[in-house]
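Single-structure report; data block below.
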Amino acid sequence: MAEILSLKEAIARFVKDGSTIAMEGFTHLIPHAAGHEIIRQSRRNLHAIRMTPDMVYDQLIGAGCVSKLTFSWGGNPGVGSLHRFRDAVENNWPHQIEIEEHSHAGMAARYVAGASGLPFGVLRGYVGTDLVDQTSSIKTISCPFTNEELTAVPAINPDVSIIHAQRADREGNVQIWGLLGVQRESVLAAKASIVTVEEIVDKLTPVSGGVVIPSWVVSAVCLVSNGAHPSYASGYSERDNSFYKSWDDIAKDRESFVEWVKNHILGTTDFDSFSRSVGISALV
Amino acid sequence: MAEILSLKEAIARFVKDGSTIAMEGFTHLIPHAAGHEIIRQSRRNLHAIRMTPDMVYDQLIGAGCVSKLTFSWGGNPGVGSLHRFRDAVENNWPHQIEIEEHSHAGMAARYVAGASGLPFGVLRGYVGTDLVDQTSSIKTISCPFTNEELTAVPAINPDVSIIHAQRADREGNVQIWGLLGVQRESVLAAKASIVTVEEIVDKLTPVSGGVVIPSWVVSAVCLVSNGAHPSYASGYSERDNSFYKSWDDIAKDRESFVEWVKNHILGTTDFDSFSRSVGISALV
Amino acid sequence: MILSADQSAFRLWCKPMAIASTSASTSANQISTDDLMIVNAARVLGTLAAAGNAACFVGIGLPSTAANLARHLYSPEPVLIYESGCIGSKPTRLPLSIGDGELADTSDSVVSVPEIFSYWLQAGRIDVGFLGGAQLDKFGNINSTVIGSYEKPKTRLPGAGGAPEIAATAGQVIVIMRQTKRAFVDRCDFRTSFGFGDGPGHRERLGLRGGGPKIVITDLGVLEPDPQTCELVQTQMHLGVTAEQCVENTGWKLRIAENVITTEAVTDREVNALRELQSAT
Amino acid sequence: MILSADQSAFRLWCKPMAIASTSASTSANQISTDDLMIVNAARVLGTLAAAGNAACFVGIGLPSTAANLARHLYSPEPVLIYESGCIGSKPTRLPLSIGDGELADTSDSVVSVPEIFSYWLQAGRIDVGFLGGAQLDKFGNINSTVIGSYEKPKTRLPGAGGAPEIAATAGQVIVIMRQTKRAFVDRCDFRTSFGFGDGPGHRERLGLRGGGPKIVITDLGVLEPDPQTCELVQTQMHLGVTAEQCVENTGWKLRIAENVITTEAVTDREVNALRELQSAT
């Protein structure tokens, strides 16, 4: 059964130096607040997994929390480059990071295998691309019925997966709707999981397109209103596109990035205090 | 795009002698009306696939439409034996049928592979059971990363899949809710598909737990109110448990079965006429 | 070596549920053997739920009734999972089929059949699986496929359904079957669901992840596998049942546990909850 | 052999859309090159939709704008599919991100990301995929991973995303990119998405199921693969663009098709629909 914890307590308990973590959310429901808390607690040597390491992982990488990144697309969507990610890969700043690179289809198959208790997933993928030569976790496999050659990728089973969702009840059952991405799979594939939510309610009423992740497959539920910002939570907030644009300027330069992290993350105590510090309202 | 057709027309056009067909529905939404129409049109030598060949396939088998059955559980749920199925397997009546036997987990993996455009699915299954020796479509496969041995099963890609759903719009988009079983996978795995529906509406309004199967992956939509009877359609009808019980008596005996098919299926023109003939109201 | 009292998992499990025999009513003692099996199964589930391990994969019939009875009797409740895709069902009446609308309407989550088998059962999230069948052998293997040969069966049974993967993967398997010479056989005609196979170490050699059959609940009592030999041994008998009766109704040379116990009498609370559930249906 | 006019798929496709040049307004001729690319892409989609083949896997940016413009201009409409899980999206404004709430809210169906890639893309249900990148080579291969070496890149780009499997599987791929010497290269530094590989027969040898890049829409015109050599050839130039300009802005020895055509002028209807869409955003 999930425990209802503060985000500080949940990160302290489940994310350790050297942990393999996955933080998912596909444009929608990105767990930014949780990312900040990991930086605040100065975790190091994380193997960070995420299909789209956008702003949330740019912050973790730039802050020096990450020693290995597994991903399939690293950019600031609709804006441009991910400067901290690029600086790490191109110039080893703040230190060298190892990368394990896949396609979206491959990452999705890896999470599904992880959630299904299988050691690998099968797909038609990567054929003819140069990714095959750079990534040891892509192999061929033959169909035992047709002898056709397909691609195998290993399951992802993070130590802890972290997602943001709309709400939970007091028993820790999590309700999530809108674009679901690969979040449910990332939670089901993980050894432990943390879910930040907009709201904790007495009773979850059905929502069209909504699914419930039962409490007994979740480790911790943390109330963090607007905790996906500048991403959004359908039914609660809108995407803060201008924040994504402004990130480009903040992250472009090492000094301005370091200053920003110092002032707004290390210098704040939690997400509310972060929000006041950067001047966003708790609810958009 | 799906065409809106009469069930008679849809079966005539898509189900041929020798076709491989799948009719799915897991207790809920079983396409009984479509099964009757196949008997009415005297299709022969069908390879009939279904996880739970309950009453609907008992009728097809007894009526001599089926030369091969692929399945995982053949009984009358909550009642007992499937007498026509047993008579075919035990006594070759009305003729011999070939069987290809799996477990539910294996059949589900086969449909998923079929829907995904993969030639096979992988699961932890069948290990240590005698099914492995009787069914050539169960093989072992090694994980290319861990060398662990797992089980592979070939994809199912029927010539035509037939399901029943709650409703469709006039463009043939199908909306289905409640227990979804393996229906969506069976449609997506098939070369052609027929969906009978309770109702055709101008606009599909969202329903909690509902999904839409878009028109462009469906071949034909047929309006057949109560067409799952004695199974049910959540929101439209209740399961007719007494009909399932009475089937035991009808099917137990060859003569009473033949008589029943003659009177109520071959002797009727469509599902409405069948319903009047057996004395069930169009809507429960 | 015969299973000793201390080795009986069931006895350990049932400790928290132990009740003074004085609280047993006469009416409770007159319940049917089906109901007795249901109450016993519910007790096991209650104990498992108390230990935090009762994500329970349920089939229709006695298992479903037992699981729902446990939900009404014990807190924390077991989590009911049906292969039709229902997770965390809380039906107010007993479902009549595995796809009863009541199950879907009262579930935390309804998922597809492929997902139930991949993300939930195969992934190892199921603590308890209930199984039954036409034949059970001394190593807990179950036959629900054919009596006689596969090619020319004397009786064609329904087949595997979800059973092989439940038997392989669930944390533990509870078998519920009537104990008769015909059903409790030395070796199954067909191995549909793997118990302990040919004996000690066989599950491990095959790499099966679940714990296998831990308890067999019958109309005569309870059997449990001897930890050394994996052979099913009678460890409990219902009130009035004799060891001779158990041996007579078992197709292999059944051993009776050294300190075989008598089933705790059914309590008023249990029988009333069961009657309430049955009358609501 | 240079691609002849008859071999130009684009010209055949565009026939139903051909309009008398007199209907072109002056304002339409003053639209930006981005808008010109969008209108050309929308025309292709309109023709494909008319032929019943326009389940279209769309990325954000020009492709999304083009696909939405085609939805407003043509009937039947293309079906828009976004990798975030939206099937049959009908946004009233242009989405700002691939996970824009507007896309989910206006979709026929929203599915998980694993499902989009398995049941929809991999299964071969996508007729048209749109791709872009940092480099395109003469055989239609695309690089969106690194400039320079992989180990020590000069520029680290975002990476693959959904592109490799779109390139492999979609019925046909439409590339939208600005035509420059730096971007249109003889050989990509990194092959992220497979076009025709090293030339004729390479896709077939690898068993790729999709048709590969059929058309490249640029700010200067349109390139199409020569059916014999698979090499991209300039088959269309926008009004005022010269062959020399195309050659100069291409990093390989570009060939101009024998009967290279001039892009049909943008119509008032097209430009108005585009402006409306853009102003609603």
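Lettered A, B, C and D in written order, each chain numbered from 1.
In this text, contacts are C-beta pairs under 8 Å (C-beta built on N, C-alpha and C of every residue); 3 or more make two chains touch, one makes a residue touch a chain.
Predicted model only: the values in this text are computed from it and were never measured.
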- Task: Any chance you could name the chains that touch subunit A and subunit C both?
- Result: B
- Query: Does B-D or A-D have more contacting C-beta pairs?
  - Reply: A-D
- Find the geometric centre of each of subunit A and subunit B from their Cα atoms only, then give the gap between the two centres in Å, rounded to an integer. 40
- State, to the nearest whole Å, the distance from the C-alpha centre of subunit A to the C-alpha centre of subunit D. 30
- CA centroid of subunit C to CA centroid of subunit D, Å: 59
- Which subunit A residues reach two or more other chains? 112, 117-118, 123-124, 148, 185, 209
- For subunit C, jot down the residues that touch at least 2 other chains. 118, 122, 209
- Topology of the chain contact graph, where touching chains are joined (line, ring, star, complete, other): other
- Among all the chains shown, which pairs meet the touch rule set out at the top? A-B, A-C, A-D, B-C, B-D
- subunit D residues touching subunit B in their complex are 52, 55, 79, 87-88, 108-109, 118-119, 122-125
- Residues of subunit D touching subunit A in their complex? 60-61, 83-86, 96-101, 103-104, 110, 112-114, 117-118, 121-122, 145, 150, 153-156, 158-165, 168-169, 190-194, 197, 202-203, 206-209
- Task: State the interface residues of subunit A toward subunit C in the complex, per the touch definition above.
- Result: 1, 112, 115-118, 173, 185, 188, 211-214, 216-217
- Item | Touch list for subunit A against partner subunit B, complex | 117-120, 122-124, 137, 139-141, 143-146, 148, 150, 152, 154, 206-210
- Which part of subunit A faces subunit D closely enough to touch in the complex? 26-28, 51-52, 71-75, 77-78, 81-82, 85-86, 89-90, 101-105, 108-109, 111-112, 123-131, 134, 148-149, 178-182, 184-185, 209, 232, 234, 238-239, 241
